[in-house]
Structures are given as structure tokens and as C-alpha cells.
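By letter and in written order, the chains are A, B and C; residue numbering begins at 1 in each of them.
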Amino acid sequence: MARGISPTRKIGMTVLAWAVGFLIFFPILWTVLTSFKTELDAIAIPPKFLVFDWTTENYAAIQEQRNYFSFLMNSIYLSLGSTALGLLIAIPAAWAMAFSPTKRTKDVLLWMLSTKMMPAVGALVPITILFRNFGLLDSRIGLIVILCLINLPIIVWMLYTYFKEIPGEILEAARMDGASLVKEITQVLTPMALPGIASTILLNVILAWNEAFWTLLLTTTNAAPLSAFIASFSSPQGNFYAKLSAASTLAIAPILIIGWFSQKQLVRGLTFGAVK
Amino acid sequence: MATLHTKSAARAMMAPAVIALFVWMIVPLALTLWFSTLRYSFYGIDTPFVGFENYTYFLTDPRFLSAFQNTLILVLGVLFVTVVGGTLIALLLDQAFFGQSAVRLLVLAPFFVMPTVAALVWKNMMMNPVYGVISQVLAALGLPPVDWLNNYPLLSIIIIVAWQWLPFATLILLTSLQSLSEDQKEAAEMDGAGPLSIFFYITLPHMKRAITVVILIQTIFILSIYAEIFVTTGGGTSSSNLTFFIATLIQLDGDVGTASAGGIVAVILANIVSIFLVRLVGKNLEA
Amino acid sequence: MYLNRLIAGAASLLALTVSAGAQTTLTIGTVNNSDMIRMQGLTDEFTKAHPDITVNWVTLEENVLRQRVTTDIATNGGQFDIMTIGTYEVPIWSKQGWLAPLDNLGQAYDVDDILPPIRNALSTDGQLFAAPFYAESVMTLYRTDLLEKAGLTMPEKPTWTFISEAAEKMTDKDAGVYGICLRGKPGWGENMAFLGNMAREFGANYFDASWQPQFESDGWKQAVTLYVDLMTKYGPPGAASNGFNENLSLFGQGKCGMWMDATVAASFVTDPKQSQVPDKVGFAPAPCGIDNCPNEGANWLWAWSLAIPQSSQKKEAAQTFIAWATSKDYLDLVASKEGWANVPPGTRTSLYENPEYTKAAPFAEATLAAINKADPSAGENKPYVGLQFAAIPEFQGLGTAVGQVMAAALSGQQSVDQALAAAQAQATREMTRAGYIK
């Protein structure tokens, strides 16, 4: 960046970068715009970009039909719950792998990741039957456990790469000073690891929020999150683009806003040790 | 540091995660293995042992081969688009321009979109041959509309999935790019290297590790793509992957036995892929 | 976690003490079709009359709903107290012992008022296992203005030859008018419902008496060849992804000249709120491809119905709800709120004897005639129950696989002969394994 850059080049790059950004963002922008159109405007030819009768009738119609907030609350419960449970299990594991690695640490790590490659459908019938027997169908607790297990490998790996960046000498020094293990963890390591933990939380919340296989199959009403909400609005009778857009906007808006606000943390943590 | 004491402590700390994942893997796997040897249907009265019959039936189904091909094309296609596209966009975002953080937000956005929503939006609002934005743009340019999902089903799904994963690839590659020291590039420039040879001899090798991570993580997720196919084409030989094909066996035929055999076959194939990936990662991720 | 459970426990304890008068909560799974969404909107009327029952709706897109309820009922999950299923599921599921008989619908319900073909389709051994919410057969919907412009008149009993001619003359692609719209979206309940019906209009069934699949028979060949030909020449673009809903919206926008589909479509396309051509729609029987074709062309019978899974713990309350939602009073209720034309059609004789209804619904007569002509029972050359489907468990998977091949033929990825050969091979393979073909 330090080099001198000609203003024409900078302007050219600005145009190009904004064009690319706009293109990538366009489907989302179009969905949000469509959600404020009437059903007829939504399928107008040629399409109406900004000049149309803005209306919130689609949102009203959707809210009348399904209570958005109960789905939203479940999405929040499930993503936060599974993340909390996941951290509880993953932090000690990642910690141990990072600070007392053995020959097999890498193998264990890769094995964990490989469990994610198992096709979920294989487990469909066993899990449904187990859930029924334990009375976990349509319960948040049951889904929290499933979502936690699905994302656990990713959490462990992210935390591991983060913890590994913490220099071992600091630990040694703390130990020399006679710090107890508890002190070592709470006062020395945790502060250093916090940014990593934060970005892990973010990624896991996003992944759990967007999971749409188990959340759809194991819930009816009490635990049904936004993935089930959207399944009510895909291709009903009549014109539906505007209502579908409104439902889509409602389903993605919370996580999009959270993601945008915390993108710095997220991006920093997303590297999975790719950048040294 | 690795005293006996810390070693056993380390084991104790790893135990919950390892045990949880082991159970999560082994219980369904064992049950699937068991079911795969039974004639087990939602509609059958009993579940007699049939040995390998489910496997031969699954493997000789013409839909298996197409699903296998589609899985490979899907994974490789998405990886290609996201790695190449991600690198190009990362190079662009690494330049100096006005509104860097705003553009970065725009590029990041698809990552937060639920797969189901992404598929619905693309199917209806973008790719619909009559009302879709793409058709409208083509029409404005005087070109005939394209019936994406019917004529190019797999390509359409690749586009949708690649759109979702492009932000991820871009950001990892961008972070890696930004860690490349200017000094190195400048030194190369002094030596008279052009931008292309700088890219191929300095930038790309530097990003090798980041590209490896992108490939690893994305492969894991893309192997099990389901919602995008369900919403857009609903399967068929031209677009269903292994995951989707196996799911249809349960959900439409109620044939748990054959689906379980398919599940085991998929696990074996996934393991072959993961061995390949581990090799790749092992080489490039050595600390 | 612990705290969470504690709070949840305390809350449920509180809930228990508050509602000492045993409150029953029903969970109802249903499709997101307009009539069901209307029923959902009228739930308050039910709970007002039955304050001890509360209702939870799980409204899902058709394919998602099918997966959910099938997995649930087959694994005895017990997540639903009422399921919305069709005439395909009822005979199979009731034989599996998965459904609770509807034997307590009450005096006022008047089971005998249900149209006989529908009642038969929902009964096993004379016992009703599901109550019809709305029912349909097949008809030809056409634009009277466009047909007139083409200089043709719709015969009383149209043939496919006439339809082809009309489709050609009505098509005006520059004006965005397509002569014919038909289902193309793959699925046993989507394009195969139409194609199975069309094949019968050419005299062909899914299976013959010895359960041999018939996809390479003359009837199927003629039907599919004509179908692909008509849709390629006169159909809308992207037809291979159009299902009922997509065609409904195309027709409602005035883009289709003719449309052969479920009779329920009639009430939507004549509704000025949903259609731009409400007063330009004519109704005719489904066309025949051969002389004296079976059921005079009406080879389609379907009823979206409410049924109670055996796994439900609240069967009594569930029957109370079903008795309400499929009653004559419910029809009156909808009529008073939305007008007679929007009443769920096809289920009760009394509705078709009601002059207010027949006046408000110009399609009533045609609908009733089609339903009464549709005879799904098994016969000498047709070992299975069903017209546009075959009521055997294997049909869902098989029909969908064949439907996908047909969609590929429609979008030009395969020739018709290739598609039918592939369908035949796939079906033979599955039927052999399932033990039908000896």
C-alpha cells in the first residue's frame, strides 16, 4: 500500500471492485427489494428496480400466517445453545492438542473432520428412533446436542489453530512465577485466546443457524427454527415471489446483520491456520 | 512441558470431544451397517437378513453411477469456481480503492444466507426462464432466455453453491494475500519481474496453504449438499449427488436397507476422498 | 443447560397449575395450499367452540410435508395428531395399521353425504380412515376468448386431436400466449399425476395384470410423444419445472390457452382476486386419446384429507377437529367469510345440491361430473387401486424416478423412446425386487 498509486488506477479499481461487490450482493438485494413489492410488481416484465409501490403487506401476511418470532427465538436458542455446549467440550480438547501435542494429534484432528463427511441421511432412521425413545423429538435440547456434534469438529479445529498461536514461553513464564493451573487458564491464556473464541462462536452460530436438514426433520412446532419457517413459504399456490422474498428476508436478516457487525472478528478467525 | 502429569491431563481434556464424536460416528455407523444387511422397508412386516443383496442392488442401480459422477462434478466445479474466483476477487480487494470495507461487506454477505433460502432465491428470482433477472437481462441484450434448471441442472447448482462459498474462499485467500510482505514483491519488481510472473512465482506459492484450507473445508461441506438440490431440481439422474440419492431411497421408497447400504458405500468413498485430502493437507499444512 | 431445564421445568409446572382443566394441544401437519391456509386462518372459530383444545399448525411445502409425515408415521414418532395426506397414502397406510379409524365423527357429520368415489377412496374394508378436506378430478380449463379468436368451439367431449389443433391456433408467443400449459415438474404427484392420467386417456395403465410395467406400451408411447410435442411447440418456456402452482399462476396471468389439470384449479382461475382472466375461462372434460377411453377421460382422483396416526395420544380431540374441518358447517363458514366460490370443493353431495353454490361456482357441474366418472378401483387389467397413481408403497419412489426421466424428455435431454425405455427398465427392476414380478 505504501507505493504511490495513480488516481486513475484507484478510480478504475474502485469501479471494478464495487461492480464485483454489487454483482455478488445482487441476489440478496433483489430479494429484499422484492419483499416490498406487490405480488404483481414482483413478476412484472420488465422488472421494476426501485420505482414501484413500496408495501409492507407481505410481511403482514406472513406474520398473520406464521408467528415469525417463535421461529426466530428457536433459531437463537438452538444456535447459541449448541455453540455454548460445543465450546464447553471443544475448548479443553483444543487446548490439550495445542499445548501438549503428541504424534497423533494431527490424526485425531483430521479424524474429527472426517466425521463431518458422513452422510447425515445414513443416520436418519437411527436418530429418529433414538429421539423418539428418549422423548427428544421437537425438543430444543435434543437439537442442541445434534447441532453441537455436527459442528464440533470445526470448532475444535478453529480453536486449535488459535491456541497454537499462543507462544508456549508465556505459559512457562507464568508457571515459573508459580501460577496455578486455574490462574494460568483464567489470567494468562483466556485473555489471549478470547479473539479466537469470539470468532469461533460467530462461525458456529452461523453454521447452526443455517442448518436445514435435522432442524427440519426433528421438529414440529416447539423447537422449529427459521429453516422450518421458510419451508412454509416455498412455492405455495398463486403468486408467491413477494411473500417468499419477505420470508427469506426475515430468515436471513438477523444473522446477516450480526455477521456484518462482527465481520472483523469473523474474518480473523476464519483462516483455520491458513495464514501464518 | 510434556510431563506424565500434563499428558494425562491433556487426555482427560480431550476425552469429552473425542468420546462425543466417536459415539456420534460409531452408533449411527454400526446401526447403518446392521440395517444394510437387512431387507428393511418402512412397509415391510419383518426384516430378514439378506447379506449383500442391498449392496448389489444399490451398486447396480444406474442412478448410483450418475449420482457418483454428479458428486464429483459438483465438488470439483464448486472448488474450481471458488478458488479461481476467490483468488481473483481477493487480488482485487487487495488493491487500493474507495470504500474497501463496504465492498468487503457486500462480498461477505452470501456466506450468511441459509442454503434453502439461497436455492429458493436463485431458482425463482434469478434463474426462472420467464421472470428471472438473468433472463430479463439476456432479453434486454437481445439474447434468448436460458432455462437454467432444466437444461443445465448441475451447472445451475454449481453456480448456487459457488455463490454461497465464494465469500469464504475470498476472505481466506485475501487474509493470506495481505500477509505477503510488500518487500518481497518490491524486490521481485526491482529484478524486473512482471505482474504475472510475480503472481505465479511469489503470490501463488505464498497462498498455497490458504488454498489447501479452502479446498479441505469446502470439500467437507460440499460432499453433503442436500437442500440446494431438493429445492431446485428435486433430484434426478442429471443433478442428484450421492447424499441426495440415498435420501430419496429413504424418503420416497422407505427402503432403509438399501439406503443404509448406500450410506456405507458413501462413507467408504468419503474416506477415500479424505485420505487424499489428508495427504494434501499433511503436505501443505505442516507447521 | 441445567438452568435452562430448571426454568423450563418450572414453567411447565406453572402451566400445569394454571390450566387444571386438561388443555389438549393438537399438532396438525398440512400443506401450504390456499384452502389449508384459509383453514388455518379460521382456527379461532374452532377453538372458540372448543376452548379445551388448542391447535398448533405445521404448514409445509408439499414435498417437505410428505417426507416429514412419512418418516414420522413409519418410525412411530408421534409428533403429529392430524396429518394431511391424500388418496394415495390412505389405502397403504391404513393397511399398515398406521391410521386410526374415524369412527366417532358425531351425528351431525353425515358421512353418507361424502361423494361416494371419494368416500370409497378413503376407506379400507368399509371403514373410513381419512376425511376429505377437498377433492379433485381432472378437467380441461380453456380461455373462451382465445378459442373464439382461433375460430374454434370446444366440443362437449374433446379429443387430443382437437386439443392439438386448438393449441396450435391459440399460441401467440409474441404476445406471451402459449396454447397449452401442462405439468412438467418431476414427481409422482406432479408430472406423473398428469402423465399417468394422460396415458389412461390413451388406454394405458402403469402395470398390467401380472404387474409388468407398461411404459413401452402403445398408449404410453402415444401419450408421451404427443405431450412432449405439444409442450415443445406450444408450451411455455421452462415447462419442465412447472407444477400445479406454477401453471396456476401462468394461467391466472392469461399466458395459457388451455390447461388440463386438477379440477380445484377452477375456483382459483375464476377468482378475480387471484386471476386476471376470471370471466374468460371455460370448462370441459379431460380429452380422450382413443375412442371410448376409460372413465370418459376423467382418470384422476385425489382428495387432500385429514387422518389421525395411531401414534397420536389425542385421538378424541383430533376427531373433534376433523369433524369440524370437513363438516357442512365448515363449508358454510367459509362461504359466509369468503363467498361460496371459495369453499373447498369436491367432497360433499349437499354442496352440489346447494343452488347458492352452483350459482357462484360456474365450474361446479363439470367438477362433480369428473369426480363421479373417475373410478380408481382395481380391475381385470389393472391390479392396483388408483388412476393417476398406483396405490402401492413402491410407487412414490418409482413414480418420481420415472417423472424425472419424463422431465428430461420434455427438456430435450433425451428422446421419448429413450426415456420410456429407461422408465421401463427402472420400473421392471424395482417391481422385480419388490416381488411383484415373479
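FYI, a residue touches a chain if its C-beta (ideal position, glycine included) is under 8 Å from a C-beta of that chain, and two chains touch if they have at least 3 such contacts.
This structure is a prediction, so every number in the text was calculated from the model and none was measured.
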In contact with chain A and with chain B at once: which chains are those? Just list them. C
In terms of C-beta pairs in contact, which two chains are most connected? A-B
Per the C-alpha means, the centres of chain A and chain B lie apart by a whole-Å value of 16
When the centre of a chain is set as the mean of its C-alpha atoms, what distance in Å lies between chain B and chain C? 36
Two or more partner chains touched - positions in chain C: 67, 71
Within chain A, the set of residues that touch 2 or more other chains is 43, 124-125, 231, 234
Going by the contact rule already set, what residues in chain B reach two or more other chains? 130, 250
Quick check: in the complex, which residue numbers of chain C touch chain A? 1, 4-5, 27, 29, 32-34, 37, 40-41, 56-61, 64, 67-68, 71, 75-80, 243-246, 248-249, 252-253, 268, 274
Touching residues (chain side chain C, partner chain B) in the complex: 63, 66-67, 70-71, 74, 92, 96, 185-188, 236-238, 240-241, 393-394, 396-398, 400-401, 404-405, 407-408, 410-413, 422, 425-426, 429, 433
Chain A residues touching chain B - in the complex, by the definition given at the top: 1-3, 5, 10-11, 13-14, 16-18, 20-22, 24-28, 30-31, 34, 43, 45-47, 89-90, 92-93, 95-97, 99-100, 102, 106, 108, 110, 112-127, 149, 152-154, 156, 164, 168, 171-172, 206, 209-210, 212-213, 226-227, 230-231, 234, 241, 244-245, 248, 251-252, 255-256, 259-260, 263, 267-268, 270-276
Inside the complex, what are the residues of chain A that reach chain C? 43, 64-66, 81, 84-85, 124-125, 128-129, 131-132, 137-138, 141, 216-217, 220-221, 224, 228, 231-240
Touching chain A in the complex: which residues of chain B? 1-2, 6-7, 9-14, 16-18, 20-21, 24-25, 27-29, 31-32, 35, 89, 92-93, 95-100, 102-118, 120-122, 124-126, 130-131, 133, 136, 140, 163, 166-168, 171-172, 175-176, 179, 182, 186, 209-210, 212-214, 216-217, 220-221, 223-224, 226-227, 231, 242-243, 246-247, 250, 256, 259-260, 262-264, 266-267, 270-271, 273-274, 278, 281-282, 285, 287
